[in-house]
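Both of the next two complexes hold chain A, though its partner changes from chain B to chain C.
Let's look at the complex of A and B:
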């Protein structure tokens, strides 16, 4: 059995570790490239959102490389994502590929169910081995998260941004190669130490929160690396979600880690009192959360045609007015030119900056 | 010799160059079509600008660039300020009308709405994925109807009773127009109907949920269109101001920003000089970088044999390779 899965940011590193613990052979899809986009777009319904198209591109490329089993997340609720595993299976079968598809559903009550699900995936794995495999994958996710947080801190402050990016990219590779939790933690720790030695600019950077649809937030190919674009403009970004949190809330049933969801739901009131599917409620909650945490601006990102985010978008202007924080929404689709994106980001950062800095200093900063 | 500042705005449709003096007064403006070749447009524009002011004798003290081609033009000219269009337009409008609260700017591919409070941008929006309702669409419709784009607005303004046209999408607007035209409605009424449809589209898509307060300034190439001006006034129910140099406001803003920067920080301009741009042979080329799976299309711009800039690479490998060279070069000198 050769297992593959869709890409989502750095998630492949953890999944590789998990699958290794389950004694499975893994064929990760090649990194998302122009070809992935082309394959996905060609074979998907036109009105589907970007995540489906990229998933599909990933699967086709992985199947070409010899994978025969696809593991995909399922889900319920009004967002289309819950149905994507089925749609993707249908399209791939129509294209004539031979494969097996395993859909992981979030357990609705017991942690035991989840471990059973993962155990069933592995080949002759004991219950205890399944638990160990999950822990190993989880430790890599944790190391990556610690690294990401420091990266977001140092990139806007550093004078030599290329160097910070290089250290980060190197550390991600090292965490991927690490054979144990200790090695992964060490790789992250060393990189953070190196980042700490980079020359820093004086003064505090602007702080902008990123909220929105989960896939677009995690996958740099889907958001044109918005975190780095902003970091290079001397903006410190606050990510509203990390992989550990998302997996914890949606796949692990909230057992592994303390969840922030309750706080978000409380924040979302009175702007939005109900689940609207997908990540809509979280987006509204996070926007309020960031606004109250003294952020200078908030950017909502999502794939074009994403319904929950459209609902959130229509609520954000009233949050912006009441909480007094500038907000902007960006939709991502298959455009390859980044000129439009950087113009909007620049203009937004400029606006936030001019609002913050007292009138006398405007021109000096401009 | 008069000290002046050069502002350049390269958009998808037009390339504008302006010279302003110390008091932000316009000395000269050039408005020409980009026609898909921004390098040629900048060189031609600069040549005619120099020619038209050659008698007065001027020195360029600073350069500011804006528009989607702002990085390209900054490489060609050597810019002190490279600014996005939002800030540039806002600065120019706030200079002319200090109390302006809303700016409507419609260009070739972009349409924007900018809200200002006390002369500072407070909020803005740009059209995201649809270019219906921008200059390009008007251009296309004018040529389909065989009307000169310059007369388009005048014709619309003659209308007494506008026809209702669907404005949700450019394609449907066009088929709606053809349908109405085959039914025999007068041309003026159809054009005016189109103008009103575009205004509705703009307010729904760009101005989504934003409170539009007066004074409102309408600028960008499309502000020349009398029909659209009238449609905006009708739909918003308030008077619209159109600046005298509505078509080059972005360039004026870039010029003002360059002037402010030079005067505040008392530095010398980065301007590369007239001979650099007029006598060199500029070439652009692109290739796919195979360094990683992103496979970025890297653009390279050269003057004679010397590489001036790279861009388009997400990892900035190509862009920064040049920075190192120039900084090393500076150390040697």
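Let's look at the complex of A and C:
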């Protein structure tokens, strides 16, 4: 059995560790490239949202590389992600691929069910081995998160941005290669030390919060690397979600880590009073949360036609007005381009900057 | 007291219930005019660009009602109308979207309909809404029961080839004429709030009737047979309307008298983008056409496609009297 799975940011590192613990052979899909996009777009329904198209591209490339089992997450709506696995299986079968698909349904907040599902996936694995495998994957995610937070801190402040990016990219590879929790933590620690020695600019950078749909936030190919684009514009980015938090809230039933979800729901209260599926409620909650935490601006990102995000988008203007923070929504689909994106980001950052610096400090124009 | 009900979205499914409920509680019920160009223009102006067409039109209806001195406007939050199924995320956030997008709103009655797990919450919410008008709990319960009875009566009217929206007009006492002659039987699927709205669907159903087709919609088919067919799909479709559409498509595929199936999808509709694909994969022996609409769709293009589809079906019929012809050309 050669197992594959869809890409989502750095998650493949943790899944590889998890599968190794379950004694499974893993064939991760090649990282998302232009070809992935093309394969996905060619074979998906035209109006499906972008994550489905990228998933499908991942699967096709992995199957070409010899994978024969696909592991995919499921769900019971109302967001259409819950029906992804079904449609993807139909399409791949229609294309003539031979494979088996295992759909992990999110449990009704019972960690035991999830461990059972993961255990069933492995070959002759005991319950405790399954728990150990999950812990191992989790420790890599934690190391990555610590690294990511420092990266977001140093990138806008550093003079030599290429070097910070190089250190980060190198550390990600090292964490992937690490054979144990200690090695992974060490790789992250060393990289952070190196980042600390980089020459820094004076002054405080602008602070912009990123909220929105989960896949678009995690997968750099789906957001055209918006975090780095902003970092290179000397903007410190606050991510509204990290993989550990998201997995904890939605897959692990909130058992592993203290959850911030209750606070978010409370923040969303006057604006959005009900769960709307997907990440809609969190988007609204995070927007209010960031606004109250003195952020200079907030950017909402999501794949075009994402239903929960459209609800959030309709509500964000009133948050922007009442909490007094500039907000912008960016939709991504397979036709977005980096040049257009940078122009819009630059304009937004300029606008936010002017709002922050008192008017008499501005150089008179012409 | 005057209560406004916008003539959009689930108006097309539940109006008799809502109207009877509010009237029994002593309110005067006002609806917006049926969708017209003004409604569309106002809607596009107020809603976000990415919303689907029916949602934009709904904004237009609400805005029309804002100008008519109302005490309340009724904007329900429809989460799920049956166990373990949902409608669509946009319906779940609708009152919040409208409140944040439109100012000068009258007081909003936003009842939450969520029976995905139990109907206890719904019952509590009905009482909460009823208390605006009266303190008599029994009176409120009676009004709701009467509403459900009227809704049931209205749905019975669908038997005679009327869709639910036409049944509502019959229920209100209007007379409707059906063209008597037809030579084709066409199944028409899609979300009712798009399909049965004359402006959004650009009169798709009446156009087909004028072209000599008998139109079959979800409501005119056997309910249980649809559910049975829908259960054949490996994973249960968790959107109420989506599941009915899939079931109907599979059911119609088996019916000999149905000549072809048309699916009307809205641009940007999440369920449609998945359901359309599922149906297309499953239908093997029946001609199938998917029409996607939004506010930019031209009437002429649509008419041409419908005419071509009907012509194709007629030709196929003429040939198939002599022998079999494949649905895929």
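Worth a mention:
Criterion: the second predicted complex is superposed on the first by the 361 of 366 C-alpha atoms of A that agree within 3 Å, B and C clash if a C-alpha of one lies under 4 Å from a C-alpha of the other, contacts with A are read in each partner's own complex, and residues count from 1 in each chain.
One rule holds in what follows: a residue touches a chain if its C-beta (ideal position, glycine included) is under 8 Å from a C-beta of that chain, and two chains touch if they have at least 3 such contacts.
Just so you know, these numbers come straight off a predicted model, no measurement behind them.
Once the two complexes are laid over each other on the shared chain, residue contacts for A:347 go to chain B alone; chain C is not touched. With both structures placed on the common chain, the touch criterion links A:90 to chain C but leaves chain B unconnected. Contacts of A:331 after superposition on the shared chain: both chain B and chain C are touched. In the superposed pair of complexes, A:308 makes contact with chain C only, with no contact to chain B. Contacts of A:276 after superposition: chain C is touched, whereas chain B is not reached. Once the two complexes are overlaid on the shared chain, A:317 sits against chain B and chain C alike.
When the two complexes are overlaid on their common chain A, residue A:31 makes contact with chain B while staying clear of chain C. Contacts of A:45 after superposition on the shared chain: chain C is touched, whereas chain B is not.
Overlap of the chain B and chain C interfaces on chain A: residues 304, 314, 317, 331.
Interface of chain C with chain A (complex): residues 47-48, 50-51, 77, 79, 84-90, 92-93, 95-97, 100-101, 112, 233-235, 237-239, 265, 267-274, 276-278, 281, 292. Those residues of chain A that touch chain B in the shared complex are 30-35, 162, 165, 221, 224-225, 232, 304, 314, 317, 320, 326, 328, 330-331, 333, 335-336, 338-340, 343-344, 346-348, 350-351, 354-355, 359, 362-364, 366.
The touching residues of chain A, when paired with chain C in their complex, are 45-49, 74, 76-80, 82-83, 85-87, 90-91, 94, 271-278, 280, 304-308, 310-315, 317-318, 331.
Within the complex formed with chain A, the residues of chain B that make contact are 68, 81, 83-87, 120-126, 128-129, 209-210, 257, 260-261, 264-265, 292-295, 297, 314-316, 320.
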